[in-house]
Amino acid sequence: MSSFLLSWIVLVPLLSAIILGLLYLYSIKIKKLSNKVFAIFGLTSPFISFAIAGLFFIQMLQDGKTIHYEAYKWLGVGSYNVSMGFMADNLSIFMILFVTFVGGLIHVYASGYMKDDEGYGKFFFYFNFFLASMLLLVLADSPIIMFIGWEGVGLCSYLLISYYYKDSENVLAGNKAFIANRVGDFGFIVAMITMFYYAGANGFDYVSLQNSIGNVPIEIVTYIGIALFIGAVGKSAQIPLYVWLPDAMAGPTPVSALIHAATMVTAGVYMVARFHFVYELIPNVGLVIAYIGAFSALFAATIATKQTDIKKILAYSTMSQLGYMFIAVGLGSYSVGIFHVFTHAFFKALLFMGAGAVIVALHHEQNIFKMGGMKKHTPVVFFTMLIATLSIAGIPPFSGFFSKDEILLSAFASGEYLLWGIGVLTAIMTAYYMFRLFFVVFFGKNSSEDRHIVELPKSILIPLVILAVGSILTGFLGVPELLGGTNLASQWLSEWKNTSLHIDHTTESVLMLINVLAALVGIFIAYKKFYKYDMTKVPKFSGMIWNKFYIDEIYDVLFVRSIKRLSSFIAMEIDIKIIDSLLMGLSSKFISIGHLVARVQNANTRFYAFVMLCGISLISIYLIIELR
Amino acid sequence: MDFSILSVIIFLPIFVVFVLLALPVGAKGSRNAAFVTSIMIFILAMTVYLNFEFSGYMQFIEHHEWITSYGIYYSLGIDGFSLIILMLIATLIPCAFLLLWNGRTKAYWVNMLLIQSGITGTLFAQDLILFYFFWEAMLLPVFMIIGMFGTGNRVFSTIKVTVYTIMGSLFMFICILYIGVSFFEEFGVWSFALQDVVKISSFTRSEEIWLFFGFMIAFAIKIPLFPFHTWLIQTYSNSPTGGVFLLSSIMAKLGVYGIVRFVMPLFPDLYIEFAPYFVWLGIFGLIYFGIAALMQTDIKKMFAYSSASHLGFIVTGIFSLNAYGMTGALFLIIAHAMATGALFLLVGKMEYNLKSKNISDLGGIAKQAPIFTLFFMIMLLCIVGLPGTNGFVSEFLIILGAFGMQASAGIVSALTVLVAASFMFWMFQRAILQDTDNDTSNMKDLDLKEIIGLAPIAFLIIAMGVYPDWFLFKIEPTIQHYLVDILQIKAS
Amino acid sequence: MESNDIVYLLPLLVVMIGAITMMLLSTFSSVSIKKGAYYSLMFLFVALISNLYNLNSSSEIYSSYPYIGIFKKMIIVDTYSGYFSSILLFGAILTLLIGLQYLEKHKEFTVEFFSLFLFSVLGMMLLVHVNELITGFIALEIASLSMYVMIGFQKVLDKRVEASYRYLVLGSLAGIFFLLGTSFIYAVTQTTTIGEIGEFAQNYVGTDMPLLIIGGTMILITFLFKIAAFPFQNWVLDVYDGAPLPVTAFMAATFKIAIFGFVLRLVLVDFDSIRDFWDDMLFVITIATLAYGSFLAIIQTSIKRMLVASSIVHTGYLLIAFISIGIIGESAASSIIFYLVAYFLSAIGAFGIVSFISSDERLRITYDDFKGFAHVYPYRAAMLSIFMLSLAGIPSTIGFIGKFYIFTAAIEAGYTILAVIGIIATFISVYYYFKLIAIMYFYPSPKIVEDVPFSGVGSITIGLITILIVWGGIGNTLISYFPGVDFLIDMARLSYESLFIR
Amino acid sequence: MADSLLSYISLAMILFSIGLLGVISRKNIFIVYMSIELMLNAVNLIFISLGRYYESMEPQVISILIIAVAAAEAAVFLSLIVVLYRRKRSLDSDIFNILSQKSAS
């Protein structure tokens, strides 16, 4: 199979996006097109990409070779060349497969979810464009090309968050996301450029970088590692750049599912795994990453326990799960982290889509305490959500259990018991807040029984079912040896496997037990507090946690307002009152001196003669001095 | 050369102006004539581009005596650097004319044509006096166009900008004369031709420093660099669309061009010596103007600051003394010219339709004019430097260049990714998106002509972002040519 | 060659005969103003043609003392004087052509005016021909006295009379210093002939000659007064403002040329060995002149006064080159000559056009009166703008080339600091010149639109001047067989060389 | 001989200075005119004494020329005085000041 097809994985959704965009313009300007036209393009492209990726996957299963394709020389300055290159290795093809698959399902889901929206075509244009960018990000063979995709997904994220742009809150959320991401990009660019300078002499693709990074001084590598991680923090919503993620839920629910849960936000994890050759040299930085991940996980989980907005809870849970992933990649267990990305994509997408289904059913109601009793109204959603919730809580044999277990295991095995402890604590809280959500939404007693429940279309329900199946099955790709599995995922990603960790089977089984117990404890507390919760007794919300530790407000004061004030100061004070008034002052001073001088022009002949005489006298004095 | 194509490019608009003035042509006829002229110049420029040889040296040279007694030559030539700016001008101006299609008077078009002549003349001149000649002459139609068709306190601001820029260029004038006299004293013949005056070796250090800053002041005011920027804000805000388009997208770049064309070969030692300061000045401008832009309420003022911010960044690239920075600066010249020019044109349309350029009066335009919004977005993304647009390529290269000069400069300059994004997106939210109670129902979407005008710009912005190398190969030898000289001196 | 002498003197003679003829003609009431003007123009044309013939007939530079038996060496005819006379005659013709309408419109002018006009032209021409100090004084007085009367010709107007009076008192005062200087010089050298003073100074170089220097200084004072350099500039604003516009144009443009013509000869030939004595003095005077002129010009509200005040600045530019004569005689002198031509064209055009736009109902005096002028009278506004640009020294006008020569000469002579100060004065001047353009173009047209005729010879002449200004700024690159800017400066160089043929 | 020349020139300079002071200090236009004449004649005196000193005719001729010029000047001056007097009915030179900057702006 020729390698140029690799580029078509990206090109198919991209072309489809362009066609969709043009069609959309045609539709709004000239003649209205039906939604089906858009759906045809929008829905087929992810699956075509998936099919191509699948072909490559099969090929790679057979010969195990990395596929590399250079489309053209992207930029050549001086002796450096950067190609528009695509690379399918085990990691990227793995990512591609589930991104296209889950992405495709979410597309299908969105076709139902968005069917009444005016900008149907526009939505799919964005969605396809997002997919193309995401695939470029994953398939890129060099950091620069990756960055193109990286920013592309950021842009789509912005566009989709502010999709309902008429409400300024939504646009503001979009802006926040974009700016926070850009802070991360700053790190990425700095890292990229440093790498370019110190290790780019023999080419700037990952393979060459991997070969030449060894020659770079270790301080520089440290610095690259930190800068790269800043990029990852921005994209993957970790402390301190996480603030955008909860607000990002302003976009339509499929967006939250696809971008802010399943794919884009995991790009940070992917990036760290991609640059494993950097982080392998600097384990200390890795540890910092792991700790940031751990704290993010705990922090987000804490906030999630008090939230009422269903999407916000899921958003915080995403952040929390991303924290887990960073624990893994920080500790060098990249395959474990990626595996969690993989399982998380399924169950989190499912959770969001389920939440979206509930929201649609209830006419865009997002407060869980206004839902309740959805079990009987939406049984399919109930079951699929149950699977997903169990999965995220870490109950075997659902997928989340396997991936989370591995993460905690590697934390324990690395000797970072604090990380492990935080992980377990977070696991308890995860189980708690997820089941809190679950119980309230599906079992809560809602007195207002007269509400009208919207019938959910098939296009919404089918993806739910498929993903539910996926949430169960995917876990079995990573069954640990302890349980008699072969851990296929880990094998496939062997290059990214942390080989230094060893732990005996007894400890491993004990840890596994602890994990399950932790989840059960969380579920139990949630059950106690919220099973058949009476919606009339909604607690009053206040306190630190409900207010998200006031981080948004602190940021507002620290950055937004101070910069605004600085801006006004520069534009109004420095520019106008100092620099410009200096100039204008000079000229007006000049003119006022002119008025002073002009007094000499008093039209008095005698005075003029006198001035002349003065001049002559001065010249005479000059003569006397000179001739002496 | 039998057919002096560069002269034709310069003087064709002037010729058309004379014809227009002689004949009783109305506004429409003048506009059509101007448009046809710009298209013809585009064709001529394409001819130049296609016949341009792949080398770093001057081509299409025309050398005639002008004022023989003082060795002033009518000397034209073009190298890769000017070629790319020529192509930019030739492409942008017809596109812009399409957007300025309606509601302009004959005087407007006459001035636009004159400006075009001045710009190309400045670009081709290879003689210091000839360069100064066009440099100053260009100012007049700009003066007229801002003063006659501007808004607000236009008379005051027009005079202010004219006196200010002439002040800068007059200092350059003195320096040019000084150089000419020095050449005469050293070689015994008069010449102001660039190829001759670079041979001067008799300057003392203090002389060189004076001359260097004499030139730099002229260019710094035109660009503008901090702290010579105060004219810019008012002028951009008061200018008519066409004027601000030309000012921002082309004339400001000529300041940068002047640095590369004249300051660099004339004072290579000082260029290297002061390069770090200018790199930092550029970065300072980038951040300073970027922050200042944030709270502007007038959308044109905001773009003015944004423009200044980017030009600071271009200067950073020019002074970074390596191929990345130089290439990046050249790329940013193009990217910024296209994006800012198009943005100003779009804002001009907005102002024309809504009679307001105040951000708080706008909002809800996206709903009214989706195609407008699409183009606005593309230009905005280019300004922000999003990958996939040429804005990113240039920013990346300049950061790389700055890093090559000083690691810290590179890191600080990387803040560019934040600076533009913050104010641009905020502006976009308030001016274009949202749904406000302000009456924006008068906003018309782009018509076909305007789409045809903007589409090439948008296409190029994206094409240059996706496949930058294709646009670089012709200028690569020129950049190398400049650098070889610079690096040799740096080494010694 | 005796036979040539009459030809050499023909221009002077024609003008003189013209002046006398006009005086006689003025007694006939049948001779209208228009006729008078045409007669005088005829004389001037004949003079100009004969003058050009002189210049052209000798392809080489030439120098001769006509009728040496009668005049001794009082009068010299050389390329230098020929060149200057041509410019002066050309200026006189232009002034008359432009001023004709003004003179016709204002009833106070009679045919005698032309007689005085021709006498003043004669005085000026004589001034560039003289080779002797007392003759120089007489020439100066011929020109000045006719000028005094011309200024006060409209004796019903207070300001005309006042201007005339002021000029008369101060002008005579300055003239006396000329005589005083001459007497000192005579006391030392026993001669007043220009070449001989120079020889004397040359022979005694090294020994200090205080009296010669003092005498020279006194003559310089008169010179500085006449060109309105600081601190002898006060009169100029009042007098030029008070004079009728054509006379103002004539004085501002032409008189200065004649004065420079005389003083350049004097300084270059006679004071060659001692002229560096004045360098420091002139340095200060130049700076002060530039500063004073700029201060004064920037605050003016009346266009005429602004033009006059700015003429002080232009004097400053000329002085910059005048100082440089000490070091680089040739290029400085030729740059002065060129700048004089450039200034003369621009100023005569500017004053001329201002004289054309004042209508009976409305005198256009201040800047504000010009609001929206361009929308009503586009051609006049365009021309006036070009004159302003030329005065400001913007490229593509002759003023730019003039400034180029002046500043190049200054830098060549090592007076870079003066060039820089000149540049500062230039961008200040941009303010007040561009203000007029801005006001004409950037305001909506006024409500009341009165019809002011702009036709006939005057308008054509101004159009011609406009073309000359632009042509002088662009040069002859395109039309190779037509004389270009180079021609003017080459001519100036040749005339410079002719000073030293002995 | 030289002594007497010095005396003559000193006298001439004194006259000259008196004239100069007269121009500056006197308001009456007539007196101003007379002062100017005085200055001219002071110069004449210098020339004539120089003529005696050098035993040359040239300065004498010069002084005659100067007198001629002075006469022409006198004609203009006196007629102007008449005009001035007619306009303002006064010979005070200070009252003619409509061309001052103050009245211009």
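Labels A, B, C and D are assigned to the chains in the order they are written; within every chain, residues are numbered from 1.
Convention: contacts are C-beta pairs under 8 Å (C-beta built on N, C-alpha and C of every residue); 3 or more make two chains touch, one makes a residue touch a chain.
Being a predicted model, the structure only gives us computed values, none of them experimental.
Trainee: Based on mean C-alpha positions, I'd like to know which chain lies farthest from chain A.
Mentor: Looking at centroid distances, D is the chain farthest away.
Trainee: Most contacts: which chain pair?
Mentor: More C-beta pairs are in contact between A-B than between any other chains.
Trainee: Would you identify the chain whose C-alpha centroid lies closest to the centroid of all protein C-alpha atoms displayed?
Mentor: B
Trainee: Go ahead and note the Å separation of the Cα centroids belonging to chain A and chain B.
Mentor: 37
Trainee: Approximately how many whole Å separate the CA-defined centres of chain B and chain C?
Mentor: 43
Trainee: In whole angstrom, how far does the Cα centroid of chain A sit from the Cα centroid of chain C?
Mentor: So the centroids are 78 Å from each other.
Trainee: In angstrom, rounded to a whole number, how far apart do the mean CA points of chain A and chain D lie?
Mentor: 97
Trainee: Note the residues in chain C that touch 2 or more other chains, in rising order.
Mentor: Residues 162, 165-166, 169, 173, 237-238, 299, 431.
Trainee: Using the touch definition from the top, which residues of chain D touch two or more other chains?
Mentor: 20, 23, 32, 93, 96-101, 105
Trainee: Can you list the residues of chain B that touch 2 or more other chains?
Mentor: Residues: none.
Trainee: Between which chains does touch occur?
Mentor: Pairs of chains that touch one another: A-B, A-C, A-D, B-C, C-D.
Trainee: Using the touch definition from the top, list the residues of chain B that touch chain A in their complex.
Mentor: Spelled out, the residues of chain B in touch with chain A are 164, 227, 229-230, 233, 288, 291-296, 305, 322-324, 327, 364, 366-367, 370-371, 374, 381, 386-388, 392-393, 396-397, 399-400, 403-404, 407, 410-411, 414-415, 417-418, 421-422, 425-426, 429-430, 433-435, 445, 466-469, 472, 476, 480.
Trainee: Per the contact definition, I'd like the list of chain A residues that touch chain B in the complex.
Mentor: 25, 28-29, 72-78, 84, 144, 147-152, 155, 158, 162, 165-168, 171-172, 174-175, 178-179, 182-183, 185-186, 189-190, 193-194, 196-197, 563-564, 566-568, 570-571, 575-576, 579-580, 583
Trainee: Across the complex, what residues on chain C touch chain B?
Mentor: Result: residues 389, 394-396, 400-401, 404-405, 407-408, 411-412, 416, 419-420, 423, 426-427, 430-431, 434-435, 437-439, 441-443, 475, 477, 484-486, 489-490, 493 of chain C touch chain B.
Trainee: Considering the complex alone, what residue numbers of chain C touch chain D?
Mentor: Contact set of chain C toward chain D: 134, 137-138, 141, 145, 148-149, 152, 155, 158-159, 161-166, 168-169, 172-173, 176, 179-180, 182-183, 186-187, 190, 192, 237-238, 241-242, 299-302, 305.
Trainee: Could you list, by residue number, the parts of chain D that touch chain A in their complex?
Mentor: Touching chain A from chain D are residues 20, 23-27, 32, 93-94, 96-103, 105.
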